[in-house]
Every structure is written in C-alpha cells, then in structure tokens.
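Each of the next two complexes has chain A plus one more chain, namely chain B in the first and chain C in the second.
The block that comes next holds the complex of A and B.
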C-alpha cells in the first residue's frame, strides 16, 4: 500500500529518471487505450455515417452517373459547369439570396424591437410566451397550418376582405409573385420568438453602469441605445445573425411542404433544387455537385463567424 | 437634507411620471396587438379542429364552432387515414433510441476526452466535431445510395443508425465542456480504491452529468421527432414512415377529408413535443441557452 502511494519525487530518488519517464509513457499508453474504448462508438458512428458520406459526396460530384452503368466516368468539373447552363440553378440561387437576406433582416429587426418593447413591460412573460409559441410546433405542422391560412378561402384573404370590403381570393402559394414572400412571413412568425429570447438573454446580461452613466449625462434613450447598448450587444447579435443565415440558407421543411403545389417548386431555393434534381430526376452526380456548392457556402459563413467572433473578442479585451 | 428637498422640482417629477404611465399604456397596446397577430393562426387552428368537414366548408374560417364533439370524429379519421399509429410509434422509436444512444455515446466520448491524460485528444475531438460543420444536404445523396447498396434503405434500423450518428457531435461538445469543469478528485479516489474505469464512469461521472444529459436528450429527441428531410429520403415506406413524413403525405393527398381533419392530425403530431416542452420547460430553456438553437 505504501509503495502505491509514493510520489513521483520519491520514486525518482529510488530508481532514477529513465524509469519515471518509462512509467509516464506506459501510463499515457494505457490511458489512451482506455479512452479509445470509451470513444469508439461515437468515433465509429460519426466517421462511418457522417464523414465517409461527405467524402463520397465529393467523389460523386466529379463523376458521371449513367443508368445501368453507375458512376463509371470521371467528369472532372463537368457537373459544376452544368450548373452554369441550367436556368433553374440561377433562379434557385437568386431565391436563396432573397431568403438569406430576409431571414437575416426581418427576424433580427422584429426580434430586437419586440425584446426592447416587452422588456420590463407589464405581462412581459405572457407576451414573450405568446411570440415564442410557434417555435414549439413542429416545422411541418407549421407549414401545414399556414397552407390553410393562405388558402383562397383562408384566413389571410378573409382578413383582407374585412379590411378592403370586397371579396379577395388570392392563391398566395400558387403564384410566383407572392409565394416566396408568403413563406418568409411564416418563417418569421416561427423564428422571431427564439431570436427575441436570445436577444433578451443578451440584453439582460449587459452591464448596467455604462447605460446608467449615459442616462445621467443626459443621453436620450435612442442615443444610449445607439451608442452603448448596440455595441455591447454586438456578440449576441453576431451569434443570432449567423443562426438566422444558416437557418434561412438550408431551410427545407417549410418550402417543401408549402411549395408542394407550386409548379416552379425547384426554383424556390438551392436546397430544394438539389433535392429535386437528385431525388425526383435521378441526377445523382449533378445533385452531389449542388450539395458541394451548398457545403462550401455554409462553411464560408461558419468561417466568417469564427473570424468575426475572434475580432470582437479581441476588441472587448 | 432639507436643502435637497428644496431643490426638488415636484412639477417635473410629476410630469415625468405621467409620461412614464402613458408610455407604459402605449407599450401595452402595441404588445397586445403583436400578440393578437401572433395568436391569429392558433385561433384559426383551435376553432377549425372542432368543426366537421361540412361545417368548415360552409362557415367563415373565424367563426366559432357549433359544438365541441366533432374533434373526436376528426381525431379518429386523422388517426386512421394518416396512418398515425405507425408514424407516432416509429417516431417515438427513432427519437428514443436515436437520442438515447447518441447521448450515452456522447457521454462516453466526453469521458474519454476529459477524465484521462494522454496526447492527441484534440484530433479526436475535431473528428467528432466535424459532424456538425457540414450542411445536411451533403449527407442526403451518399447516404441514400450507400443505404441502397447495403440494403438498409427504408428500414427502421437504417433510420435509427443515422439519427444516432447525427445526434452524437452536439451532445459531445456540451458534455465535454461540462465534464472538464467537474473535479477529478472523486475519480482518483475511486481508482485508488480499486474501481475500474467503467465503474468510475457509470457511478461517479454519469450521475453528476445528469442535468446536461437530460437537456441534450430532449433537444435531440425533439429534433428527430420534427425531422422531415431525412425521414423523407431514407425511410419513405408506409411502415417505417416517421410522423412528420406521414403528416406531409397525408396533407398532400387529403382529397377525401378537409382542413379540419388535416389540422387535427398536425396538432396530434405536435403533441409529444408540446408536452415535453411544457413538462420540462426549465431544461428546455437551459438547453436553448447552451445551444442557441
């Protein structure tokens, strides 16, 4: 028992430096083996089911797929050039850009406005819960609900009829001029609650002193918001913005369910375009190439976030 | 003290208070309007599920229902026509097994990453973390083709395999941060008493990490329950369909039924995540804070 309890220094004195080093190495090797046994299920699943498929996707995107032959030809960048000659690709790209811009601007502007409005107000919790409510429905259920809200005899047209005084029967989800805006409204309805809650967490964590000092020095509420609250809130705003951009960029459920009746479905976004080309038309290689493009864009956004986060952290220090 | 009272301008104070009171009424009015706007679709949902198909087609979408009884018929029709028995039990299986195994494996991985000393941890962590950086679109085609090749496309096993894997990286990240904050003295003491590594993991570290494990389990369960994308691609056969997939298929083919039935189905499909949210609100909010999801 006493031997097991002896310290490194005592051991060193008894048997010398080499033995200590050897013992340390043996201990490390033993620990690594034990740790690997613990990490094995996670590693095997992540590599086998997630990372290998990503590699396979890259491989597929530079091959040609032919019926009955499979992926037997090297295509190089051919699939990527095909995107340039597909008119649908550019429509999907443009729509995705609109989606990203809208899913960044509206949830953040409205979420911030509501956070500032509700904060400290009477019944604050009730208002917060009501705006957060849509978030706890499944996105598919939200999409199904809004299909009927937008139906020709649905809720939106009924409200317009009450306001305008004559019958309205717009097929919001069946015409090009309204479908994207309509689905964005649903997206905003669903996401603003979360954005608001996250911004409230950020607002409540701000230091009180600078705001109080500015108020005593005679700054108007707007001035202290613009020059003190907003800069302090920058890290939270950045995190929320990135969440919104990525959510808007890869949104699938809402578009797929709500756009199902729209003839130009595949142009709704890049994610839908990729799904359509691969799973409905069987263009596996072409679809893989589109997936790689989506991946590159998402990775650059994530990289940009890490870079900005680093900058902000440095500035705060 | 008297001098301070002398300098107080009571008129100004009263004016400021009156303004504050008026602005608080304005805040209340605007907040109430916003809430009304947000609740309108819910109001429509609630009145609709209490109407029969006939009543729905002949009434105003905002009109209150004539009685409460039709919801029973709507539920039965929805349950049968949307094959919700399959959908609900499949999704419960996928969510329970997928999120459960994922959090267990993540806890084991986090143990290996934080409670033992050796070199090369960063590489292993980055490998697992890499599972969070790619968009879902990059998994779809390869998984569909590979699943087809080895014959697990449209099987419950294939679905559980994928859901377990996709749900591992995020809990690993959370539990690694959490476990690295736990003191290691207890581990050392137990080892000294002759406890094996598994005992240390199961008896000492796991009980201490129960909170974040529950939070991440709930988040991942809800994610699996709500997932439409992967269940459409990897499990599109009637018997293995997830609840969201069943709902979408039902909505697309509702020729025989009306919005009242489809919306009843949508509400039933959302019930488990609604219940989970209200029952474990605190954990859910904790999870939100941890993840920002």
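The block that comes next holds the complex of A and C.
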C-alpha cells in the first residue's frame, strides 16, 4: 500500500501508536466507570425519589382513577380539560399568584429593612434572636396561635377597638376579602426572621472599599445603598427570592389550619385545591394533573430565576 | 452432654417460635380514622383479649383523607386489611362493589335471633339485600340541652316546633343564646340544613340523594327560609368559633344539635352528665311522621379476613353485649345492642322515645349525598352559616344545584 493512501489508523497501527491510543481510551473508560460508581447512590436517590415519582405522576394524570379498581382506563387530556372547567381551579391559581407575589415582596422588603436597621446596632444579637424566634416554631402551631389572634374577640379586633373607639367584629379568617391577606401576615411574621438573617450575612460579606470610596466621593447613604450595596447584594437577594417564591408556592399548613372554617378553603391555593381533589374527593388522577400544572408553573419561575442569576453573575464578572 | 445441650436449645427455640407465632395470631388490627378514640378502642381490645383470648388493636390514621388513601390503595392492590372501619352511604356501596368485602349475613342472623339487635339496625349496612358490616357506633342526631338554662328560663322539652320556637324566644329573653352552631373544621354546615329539610319535608330530603329533588327546589328554599329566620331572630350562636363543644359546656348556648357521641366530649369539656338533657327535634310539618337522623359507622372484614378465626372472634366480640358495654363505658358511644348498657341516661331516653313514637331513621346527609359532592356542598352550606342572608341563600342553592345537576348528568 502506498504511504499516501494510508489512513491515520493504518499509520498508527504500523508504527504502534494505536496501542497507546487504546490504552488511553481504556483509562478514560475506567475513570468514567469509577465516577459513575461514586455517583450511583446519589443517582439512585434522585431517580428513585424524584424522577420515578414525577414520571409516575405524569402517567397517573392521563389515566382515569376508578375507586378501588385502579388506573386501567386511559383518559388522555380529560383531567386537564376538567381542570379548565372547574370553577375552583382559576380562583386557586389567582390566589397562588397572590401568594407568590406577596411571599417575594414582603419578607424581602421587611427583612432587608430589619437587616439594615439591626446591622451594627446595640443589642444586635438580641434583636436578631427575637425576630428569628417565630421561624423555629412549627407552622401548625403558628397557625393555631394566630387563629386566636384573628378570632372575632381576638387580639387584632381588640386593638382595633381601642384605636377606633367602637366595637370591631371582623371575621378575618371567615371572609373572602380578608382571609388571604390575614394568612399572608402570619406567613411574613414567621418568615421574615430567616430572610433578615440571610440578608445580614450577605451585607456583612460585602467589600467595604466601594462603599467607603462612594462615601469619600460625597454619595449620600441612599445613593450608596442604591448604586453600590444593592447591586453587590444582588446574588444574595436572588437566592433569598428563590427560597421565598418556593415557600409561597408550597405553603399548606398555615392555609389548611387557619382556613379550616372558611367556606372557600379549596380555592386558597393550588396545593390546597390539589389536596381536596386527590384526597378528599378521592380523584387521584385529577389531583395528579393538578400536581403537573403546579410543577410546570414552579419550573418556569425557577428557570427564570436561574437565568437572572446567570445574568447577574456575568455582570459582576 | 453436647447432644443434651443441642436438644435443649432446639426445644427452647421451638417453644419461643411457637409462642411468638401464637401471640401474633391472637391479635387483630382494627384500622380506622378515629385517632381521638384510640385509647377507648384499646379498652375494648383489652376486654376482648380477656374474654376471648383475641386482642383487638386499633390502628388509627390521623386524618380521614389519609385513611381513605390507605384503604383505596390497599383494595386496588388486592391486599385489603382484615378488619377496618368505613362510612355508610354511597361510599359504602362503592366499597362493597370492589368485591373484596365479606358479607356478614350469618353474623347478623345470630345477633338478631339472640335479641341483641333489631333487624332494622342492619339496614345501614345492607347492599343488594346482603349485610356487609357490624356497627362501630350508631348515633342518633339529637338536641342536647342545658337543663339549668331551661330551668332558669322556665321552659320544658318541646314537643312541637311551635313549642321549640317559644322555648327559644324565652331563652333569648332570659339573656341566653338558644342554639349552638359553628363552621368549626369546615364540615358542620350540613347539620342544620339536614334537620330543616327532614323536619319540613322528609320525602324531599330523601330525594336529594338520588338527584330527584333539586337543591333549588321549593322544598329546599323553604328549609333555607326557616333556617335563615332562626339567624334573623338572633337564636343562633356566632358560627366563627373553633370550640363548639366547649362553648356549649360553658353556657354560650342552651341547645346543641349534634350526634349522641358528642355527649362524652361535652362532659370532658366540663359539663356534668346530669346537667345535659336530650330530645329529638320536633317536626316543622306536624303531619310528618316521627323521624331522627342516624349516623352509623361500619366495621367491615375483608374476604381473607373472614377466613381467619381470630378476625371473626374479634368482630363478634365487638358487636356482642360485652363489646358494646366496654365501648360504651370507654367512649360513651351507643352501638344499637339492645341487651347492652346504655352509655348514658340520654341514650336510653332517646331509645325509649323512638320506640314509643315509632320513630323512623334517616341516614345522615353526609353519608347519603354522593361522595363527589360532599366537600363542595358542605363548604357552600358553611357559607350560609357565615352569611345567612336571603341573597346568599339563593346564590348557594344555585351553586349546589349546579354541582348536583352536573353529577347526576353522568351518574344516573
């Protein structure tokens, strides 16, 4: 064979370098197998506890659950069409949107304000501990406590009575106009401590030089905060916002306990709606379909946040 | 020596294995969703062990939804528990329809022939002519009343609806709230609705459960009007309370429309038994026959469970005089066993009154209504308790009928 027509492989075979290449490939395969072996427990966990249930849930959502008989009928998109025609689904969706917006805005705004207030203040640790205290209480216990706070003869009405000078008899947890806002106040009360602590950590980790330089250049405290502190705090704020949004989507205990006497309980959030449909009415397939919708909404929001995180990281570089 | 030691060890091991196997075979689990009665059921279980050698061990779930999910998934996989509680009504028919629950006609034949139960007690547990359960409890829905408040207001137990309204007016004049009613836990909305329907039009009441009577029919409108009038007159307590039994025990209302099983809870809340009276609410339509709403919680056994002697021993003990006495003493619940001790004086009184008046039993709305409609409808009824206006009543009836019509369009 002429040397010009030889392929690389033939050349390597002639001079013996293919053996080296083979050894290199074998080494790489071995490394991959070792890596897989170390990853295996985590993979089994993720697949078994996360992916398999999600996949099974998707399967259930397109089947028809017949009580005591199982899922042997294919329903296609029937459960999703039923969701669209349910009078409660869109109310639950709207309330969930309110919850997500409120769980993003209020804990972060109040948490940041408290973090800036307490930072470097006298008795900083004591104030931090007091604000953080509700966070360590179980949500159900918090809910039961606040039922009495919002009771017709409870603390809130009595304070309003003292301030306004006349009888106040508002059923905070029993009417549509006040129930969501009331439970959001409880949620913020319980969550703001954690947000404050995380933002304090972020503030304490900020480099001092840019802030000092801005002060020397004559920037006001607000200007420093707006143009220096906030941009530098952006990664922490984004991380905290992800936590808050997820908490807003998944809130259940507070709604379930505090909304027990409210006639429209099933519309207070998508999670509650799903629970009613799946477990109270026994419609497991329909409940699975609602869970798929919740999952898609949460995924969309977290993808958006991940994209924002990526943009912020690039800007900081 | 070695041989003797080995033989000894083998004997001890065998004895231990037999002992363990024997101990396990003599314990029967009773699955249920009534964790608040776990200790009381255990008392019955211990009594069973003493009498029969078979111990009944309650296995409670903390919520009805969790429990339903457990039972549904067990039956779907063909592994129904040996013995468990359920609910009567449409959902009981669905359970029997799974084909995994054993008929108990033979058990009932002995219970009735021995004079322990009236044949009508089995009606709640009958599907297609066969009986599929024994009662965990049989509760009549009555009006518990505060004897001291009645004495103070100078009134007696009402015999007619007009008597009841006059009593309510006198209680109000004496500064007491006549009737207790709340939206506590979100399910109580149907209590006054079912009573108003039954007392004003028992035929229409029954027609609600097979779709033949609409929820916005004249009969239902009349029931809502009467119910709303009670609120308008100021006869009802503030529904925004989470402590209904405690409220009644502490004197916040004079009368409490509830199942007989609540007397034990009211006593625990601090009201002595001798201060509690009971009567069956009089009919609004005086021409209607004497009636009472009944709630019966069934205990069923699976087909496999019926083949196990220990399970049948446990079931028969539960329904027996000894079982009924143990349950009554522990929980204050009545089971319908005619030869057992009544858990309290009011249960005997109601039984005697029902016998004297030939009172007919009607299944509770909660069980009689299709399970798919239960939650949404009771939420609407709770809404009426919170806003008992005519406008809201019309809105609620419209919504209830929309749900009702949609259901029966695909289930008739």
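Going forward, the second predicted complex is superposed on the first by the 263 of 317 C-alpha atoms of A that agree within 3 Å, B and C clash if a C-alpha of one lies under 4 Å from a C-alpha of the other, contacts with A are read in each partner's own complex, and residues count from 1 in each chain.
As a working rule, a contact is a pair of C-beta atoms (placed from the backbone, for glycine too) under 8 Å apart; a residue touches a chain by one contact, two chains touch by 3 or more.
As the structure is a computational prediction, the values presented were derived from the model and not from experiment.
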Does the superposition put A:38 against chain B (first), chain C (second), both, or neither? first
Chain B or chain C: which reaches more residues on chain A? B
Looking at A:118, would you say it contacts chain B, chain C, both, or neither? Reply first, second, both or neither. first
Contact-wise, after the overlay, does A:279 reach chain B, chain C, both or neither (first, second, both, neither)? both
After lining up the shared chain so the two structures overlap, which partner does A:210 touch, if you call chain B first and chain C second: first, second, both or neither? neither
Quick check on the superposed pair: does A:78 touch chain B, chain C, both, or neither? Answer first, second, both or neither. neither
Just chain B (first), just chain C (second), both, or neither: which does A:235 touch? neither
Using the touch definition from the top, say if A:174 reaches chain B (first), chain C (second), both or neither. second
Of all the chain A residues, which ones make contact with chain B and with chain C? 147, 151, 260, 275, 279, 284
Sites on chain B touched by chain A in the complex: 24, 27-28, 30-31, 34-35, 38-42, 44-45, 48, 60-62, 105-106, 108-109, 111-113, 116-120, 124, 127-128, 130-131, 133-146, 161-162, 164-166, 168-169, 172, 192, 197, 201, 225-226, 228-229, 232-233, 244, 247-248, 251-252, 259, 262-263, 266-267, 269-270, 273-274, 277, 288-289, 292-293
In the complex formed with chain B, which residues of chain A make contact? 4, 27-29, 31-32, 34-39, 41-43, 45-54, 56-57, 60, 114, 117-118, 121-123, 126-127, 130-131, 133-134, 136-141, 144-149, 151, 153-155, 158-159, 189, 194, 197-198, 201, 239-240, 243, 246, 249-250, 252-253, 256-257, 260, 271, 274-275, 278-279, 284, 287-288, 290-292, 294-295, 298-299, 302
If we count contacts the way the header does, which residues on chain C are in touch with chain A in the complex? 64-66, 68-69, 72, 75-76, 94-95, 97-98, 100, 182-186, 189, 238, 240, 242, 371-372, 374-376, 379-380, 382-383, 386
With touch defined as at the start, can you tell me which chain A residues reach chain C in the complex? 67-70, 88, 147, 151-152, 171, 173-175, 260-266, 275-276, 279-284
